[in-house]
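Written out below as C-alpha cells is the structure these notes cover.
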Amino acid sequence: MCTAATYQTKDFYMGRTLDYEFSYGEEITITPRYYPFHFKHGAVLEDHYAMIGMAHVAENYPLYYEGANEKGLAMAGLNFVGNAAYGHPMDDKDNIAVYELIPWLLGQCASVADVRKLVKTLNIVDTVFSPQFPNAQLHWLIADANEAITMECMKDGLHIYDNPVGVMTNNPPFDKQLFRLNDYMALSPKQPSNNFSDKLDLGSYSRGMGALGLPGDLSSSSRFVRAAFVKMNALSGNSEVESVNQVFHIMGSVEQQRGCCEVSEGHYEITIYTACMNVSKGIYYYTTYTNHQITAVDMQKENLNGEMLVRYPMLQEEKILIQN
Amino acid sequence: MCTAATYQTKDFYMGRTLDYEFSYGEEITITPRYYPFHFKHGAVLEDHYAMIGMAHVAENYPLYYEGANEKGLAMAGLNFVGNAAYGHPMDDKDNIAVYELIPWLLGQCASVADVRKLVKTLNIVDTVFSPQFPNAQLHWLIADANEAITMECMKDGLHIYDNPVGVMTNNPPFDKQLFRLNDYMALSPKQPSNNFSDKLDLGSYSRGMGALGLPGDLSSSSRFVRAAFVKMNALSGNSEVESVNQVFHIMGSVEQQRGCCEVSEGHYEITIYTACMNVSKGIYYYTTYTNHQITAVDMQKENLNGEMLVRYPMLQEEKILIQN
Amino acid sequence: MCTAATYQTKDFYMGRTLDYEFSYGEEITITPRYYPFHFKHGAVLEDHYAMIGMAHVAENYPLYYEGANEKGLAMAGLNFVGNAAYGHPMDDKDNIAVYELIPWLLGQCASVADVRKLVKTLNIVDTVFSPQFPNAQLHWLIADANEAITMECMKDGLHIYDNPVGVMTNNPPFDKQLFRLNDYMALSPKQPSNNFSDKLDLGSYSRGMGALGLPGDLSSSSRFVRAAFVKMNALSGNSEVESVNQVFHIMGSVEQQRGCCEVSEGHYEITIYTACMNVSKGIYYYTTYTNHQITAVDMQKENLNGEMLVRYPMLQEEKILIQN
Amino acid sequence: MCTAATYQTKDFYMGRTLDYEFSYGEEITITPRYYPFHFKHGAVLEDHYAMIGMAHVAENYPLYYEGANEKGLAMAGLNFVGNAAYGHPMDDKDNIAVYELIPWLLGQCASVADVRKLVKTLNIVDTVFSPQFPNAQLHWLIADANEAITMECMKDGLHIYDNPVGVMTNNPPFDKQLFRLNDYMALSPKQPSNNFSDKLDLGSYSRGMGALGLPGDLSSSSRFVRAAFVKMNALSGNSEVESVNQVFHIMGSVEQQRGCCEVSEGHYEITIYTACMNVSKGIYYYTTYTNHQITAVDMQKENLNGEMLVRYPMLQEEKILIQN
C-alpha cells in the first residue's frame, strides 16, 4: 500500500511511498502548460498549470501517481481498495475519470481552496483509460502550504476531510484513521513519568520509552499512526537539503522491507519508490528500493511552455560511492 | 542507543546503527597486520589479523565501535548503560580494558569458536584510555558466518549467550530480550486468520496485518523485537549489491528520526550512521543521517601488511544525483 | 461508562454493567400491563407488554436503564456522551423523549423485527422529564433471541446497526467499534503458533498466550474488544444457573475496580451494579459493587395485569455466608 | 495458572485465584497447634503456629495451596512449570519436600523476617508425598503486613526476591516479571494528556483512557501487569467488609472465564476458586467459579490447641438470593 505525508520548513514538501509487489514502469514526468488534456467525458484543458510527478505514461498520457504543480499545490493518490466507489457520468457535472483526477485538479487549482471550489461540480467516474488499464481504487491527499485535505469517493458520495496531520495511508476511511490517533495521545518523544504507582520504583531503562505503544507493523492503520507521530515530531533545519533529508527519514519510518509483507505465496510488497516533492519549487526527489541515493528532477529546468511531456526514467541501480 | 543485526546470503554481513545525540568524530579505519597493539595491562600484539571498522582515532589508537577482521569475524559494541560492570586487573587473567576489547578479539580470533576459547581467561577492566575518555558501558555482538553470540559483563560476571536471532540492541540484558520474543511468536508476514470467533465476519482490510502488535517505538526492547522480525523474515538476492541493499533496509526499520527521541531539553538522539560490513570480504559500507547514499571502503584495496592505520573520513554531505 | 452483552443458551440473556461514580438510587422495577404510559408529546399506552428492569423511579415514572419485556425483547441504554444528538418534535413523527424510549419500545415490540418497523416513524426528542433530570446522552442495545441491533441517534440522524457480536459499550459510534475488531481477529483462546520465524525456537511459557494483544484497560473501546472476545468464546452448560453464572463471569471481565478510573480529583468510576436478565423468562439477576451475591427478582411472580409499578430496592450489603 | 496479591487496610490481606482445568478436591483446612507434622526427611514439628488455608487433604495430611498462620504470615504456592527445579536431600540442610514447604514455614515463622532466616538452611527437595501425587512445580509469594517476598527454587539455586508490588503469577521468573512493569510506568488511572502533538486536537473520548496499553489476556505476564496496576491503584474503606470486598474485585480483574483459555481440545482453564485471607485475623474468605457469594471460615472460632485437622468443604453451589 502507500503512505503520504506533508512537511513544512521554509518550503513546502510532500513525501510519499509507493508500496506494491511489482512496478508498472514509472517515469518522472513533467507536463508543461500547453500539453493538451482531452478528458474522456468532454472537458478539455488546452493550457493549464505545469506539473511534475511520478507517472506511468501510456499512449503519451501521464497517469500520475502523485504530483505538484507550479503554484504550490500537491496531490497523491493512494490505494483505497474496497472503500473507493466511483459512479457514472451525470449531465450537470464535471465527469472526470479516476485516472484523470490529478491532471484535472493540478492543472486548474492553485490551492486547496481552489480545489474545494472545483470539486463542487465534480463527479468522479469509473471510466477506464483503456481495457488494459482498469482503474485503481484510490483516495487522495491534497495539500498546499496552508492546509491539507483528504478526498474519498465512496458509495455514500464524495467526502472532503480536513487533514490536520497531513498524513494519509490506505484503509479504513480517513475519519476512522484520524479518530484512532486519540488512542495514542499519551505517546511522546520525551521519557515517560511513573504514573503507574508512586509506591513502585519504576524507571526508564532505555531512551525512547515515551512512545511505547506506537505500532510497528506495516498495516495501513499502523503506518498512519507511526507516520503521524514521526511527522508531527520531526525536526530539521530549514535549508533545502536538510528538509529533503528529513522527509526521506520520515517516510523511512513506514518503509516496507522485502519479506515482511507477503501478499501471496512468495510475493512480497515492498516500497518500490519513495518521493519527496519540493512543492514550492517544483523539484521531485526520489529513492527506490534498489537505490538509496536521492535523485532529483527539477521542473524549472525544463521549458514549461512546451506541449510535450518531459520524461525521465526512474533510476533504480544502487549508486554506491567507492571511497578507496 | 544502537541496533546490530547479522545477515547471510552468499557472503556474511553485519549491520549496525549508531544512535546518539552527537558524534565524537568517527573515521572508517583499517588496522593492518603489523600495527602494534600495546594493551594497557601488558599484553602486546605485534602482529595480528587485519581489521576494518568505524573508530574514533585518538593518539593514533583506533577506538573501534564495530569492526570485522580478515578471517570473517565481526564484532560490534553497543551501549549497555546501567548493566555493564567491569572490574579491576587480576593476576592470572588477560586484563583487557573495555576500549581494547575489539582489537584484542578481532586481532586474534578467526571465529566465534576462537572467541569462546580466548575469553576463558579474559578479564574486562575499567581502565580508561585517558582521563578525557571515560569508558562507555557496552556489550557486544560477535558473529561469524556460523554463529552469533552476545557478550555481557555484569556485576555477576561475564555472560556469553548464544544469539540465534543475530540481533542486539541495548538494555535490558540479553536473556530478557530474547525471552520477550516469545510474546511475539504469533506475528507473521502473512495475513492473519480469524481465530477470534467463527461467528463473526472479521477480515483483513489492509495488507500487512499479520504483524499487528509489532512495537514501533525507539526503545531498545522495541527495536530488538522489530529488528528481529524484519531480519528473520528479510529476503533478498545473493549478489553483493542485493545483500548490502537489504541490510540497509533491515537497519532502516530501527532508524531514529530527529525529533522522535528527546534525551534532554532540545537534544535528540538520531541514527548518526548506519553500517553494513561484508564480513566475508572486508568491505565497510555506510550511510549517515545526513547522507542517504551508500559509501564503501574496501580493506582489500589497502596494504594489509602495513604498520600504520589507514583512515577515511565519514562522508556526511547528502549526495543528490541531479537527473536534469 | 457501561458494557452490555447478550448470551444464548437454552434461554436468551442480556447482561450489563453500569459504571459511574455515584448512584441516582435504582430499584428493580416491574411495570405491569396496565400501568399507563402518557408520553410527553401526546402518545399514550394504556396497555402494553409487561416489563422488568432497573429504573430510577421519579414521580411514579420508571426511568429505565435497561429492561426486558414478557415477549423476549431486551434493551439497554448506555452512555454515548458527545455523540448522541436528539431533536425537536416534528409533526408527522412519533416524538418520544430520550427517557421514554425503553417503555415505548418494550411496551409495544415483541421482537427486534417489531422495533425495526416502529422506529421508522420515531423521532427521539430532547424533552426532559423535569428540570431536575436533564437527559442522559445514550445509545441502545436492543436484542431478542434471534438478533441484536445498536441504535444511535446522532447529528446526522438515527442509525440502526446490525450487531452480530451482541456487545455494546460507549464511544465511539458503533461502526467504528465493530470495525476495530478486525485488528484483533488473530486472537484466540488456543495457544499461538510460531509464525515469527521457523529458525527461532519460540514457544508458550504460559497458558492463555493466544489472546496476547487483548486490551485490558477500562476505556470504552478496550472494553468492547475484551467483552466481545470473552462473550464470543464463552462456554457454559444450558441450565438456568449455569447460564446466569456465566453471564456474570462475562460481565466480570469488564468490571471497573475502585481506584482504576479517576474521573475527577478523588472520584472514581466503579461498576455500581451488574445485571443479567433472563429475557426469555423475565427474571432480573444482579450483583452490586458492594455485594458479590447474585440476587434475583422474577417478573412472573408478580401480577402482570396490575396498574401499579412493583419496586424492589437494590440490595447492596455484602452477604457473606459464615461457614463456621 | 494463578494470581496472588496482597492488600493492606486496617488489616493485612492476601488474595489468590486458583486457575486450572479441574479440581483435586479442596477443603478449607485449619491445622491447630498440636497437629504433628512429621516431615519426610526427619524434621518434626510437634507444636507450631496454627494455620488456615485451602488444602487437598490426603491421608490426613494438609497439602496446602495457600494459607495464613495465627501470627500474621501468609504464603501461596503458584505454578512455575518449566522453571521450578528441586534437588536431592543434603546432609547439612533442612530437607523439606515441595509439598511440605507451606506447613514448614507457616508453622515456625511469625514474619517474613523469620522466613528469611529459616530458609538459609533450607533445601527444597523433590521427594513426593506418594506415587499418586507427583510434586507440582511451584514458586511462592510470602508476605506479612510489612513486606512481601517471592521465593523461587531453580536450577541455579534458591532465589529470594523482594516483592514491592505484592503480586505474583506464574512464568517467567519474578525478576523478569518485575522488570516488565517499567514498560507500563506511563499508565495511569487518570486521563492522559496530549503528548503526541500540540498541533493536533486529540482528546479523551472515553473515561479510563489513561491505562490504554494495559494487557487484557490471560497469560501469566499479562495477568501480572494487570493485577499490579489494579492492586497498586485500588482504593477502599478500612473496614473488614470493605477490605474483603475490594480484594475480590482486585482478584476479579484476572479471573479466567470458561472458554477463553483452551488448554487441550475442549478443555478450558477457569478460576476454580478465589480466596481472600484476612491474615491479621485468620479468616479465610472464598468464592468459586460456580458460586459468586463470598463464604467465610474463621480460624479463631475453632480450638487452635487441638491435634486434629478441622476441615470445611468448599461450597460450590451458586447461592442466589430470591428477592420476590
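Here are some notes:
Chains here go by letter, A, B, C and D, matching the order in which they are written, and residues are numbered from 1 within each.
The rule is simple: a residue touches a chain if its C-beta (ideal position, glycine included) is under 8 Å from a C-beta of that chain, and two chains touch if they have at least 3 such contacts.
Chains and their UniProt names: A, B, C, D = choloylglycine hydrolase.
Quantities reported herein were computed from a predicted structural model and do not represent experimental measurements.
Repeating the A-D interface, with the same residue numbers in over half of the contact pairs, is the pair B-C out of C-D, B-C or B-D.
Each chain's centre was taken as the mean of its CA atoms, and the one lying most distant from chain B is C. Looking at A-C alongside B-C, one finds more C-beta pairs in contact between the chains of B-C.
Taking each chain's centre as the average of its CA atoms, chain A and chain B sit 34 Å apart. The centroid of the Cα atoms in chain A and the matching centroid in chain C are 43 Å apart.
Between chain B and chain C, the centres computed from C-alpha atoms are 55 Å apart. Taken residue by residue, chain A touches two or more other chains at 172, 179, 183, 187, 190, 205, 209-210, 212-213, 221, 229, 233, whereas all remaining positions touch fewer.
Of all the residues in chain C, the ones that touch chain D in their complex are 1, 28, 82, 170-172, 187, 189-191, 205-222, 225-226, 229-230, 233-236, 241, 244-246, 248-250, 252-253, 255-263, 268-269, 285, 287, 289-290, 292-298, 301-302, 312, 315, 318-324. Residue ranges of chain D in contact with chain A, taken from their complex: 164-165, 179, 181-188, 190, 192-197, 199-205, 209-210, 212-213, 228-229, 232-233. Contact residues on chain B toward chain D in their complex (touch as defined above): 172, 176, 179, 183, 221.
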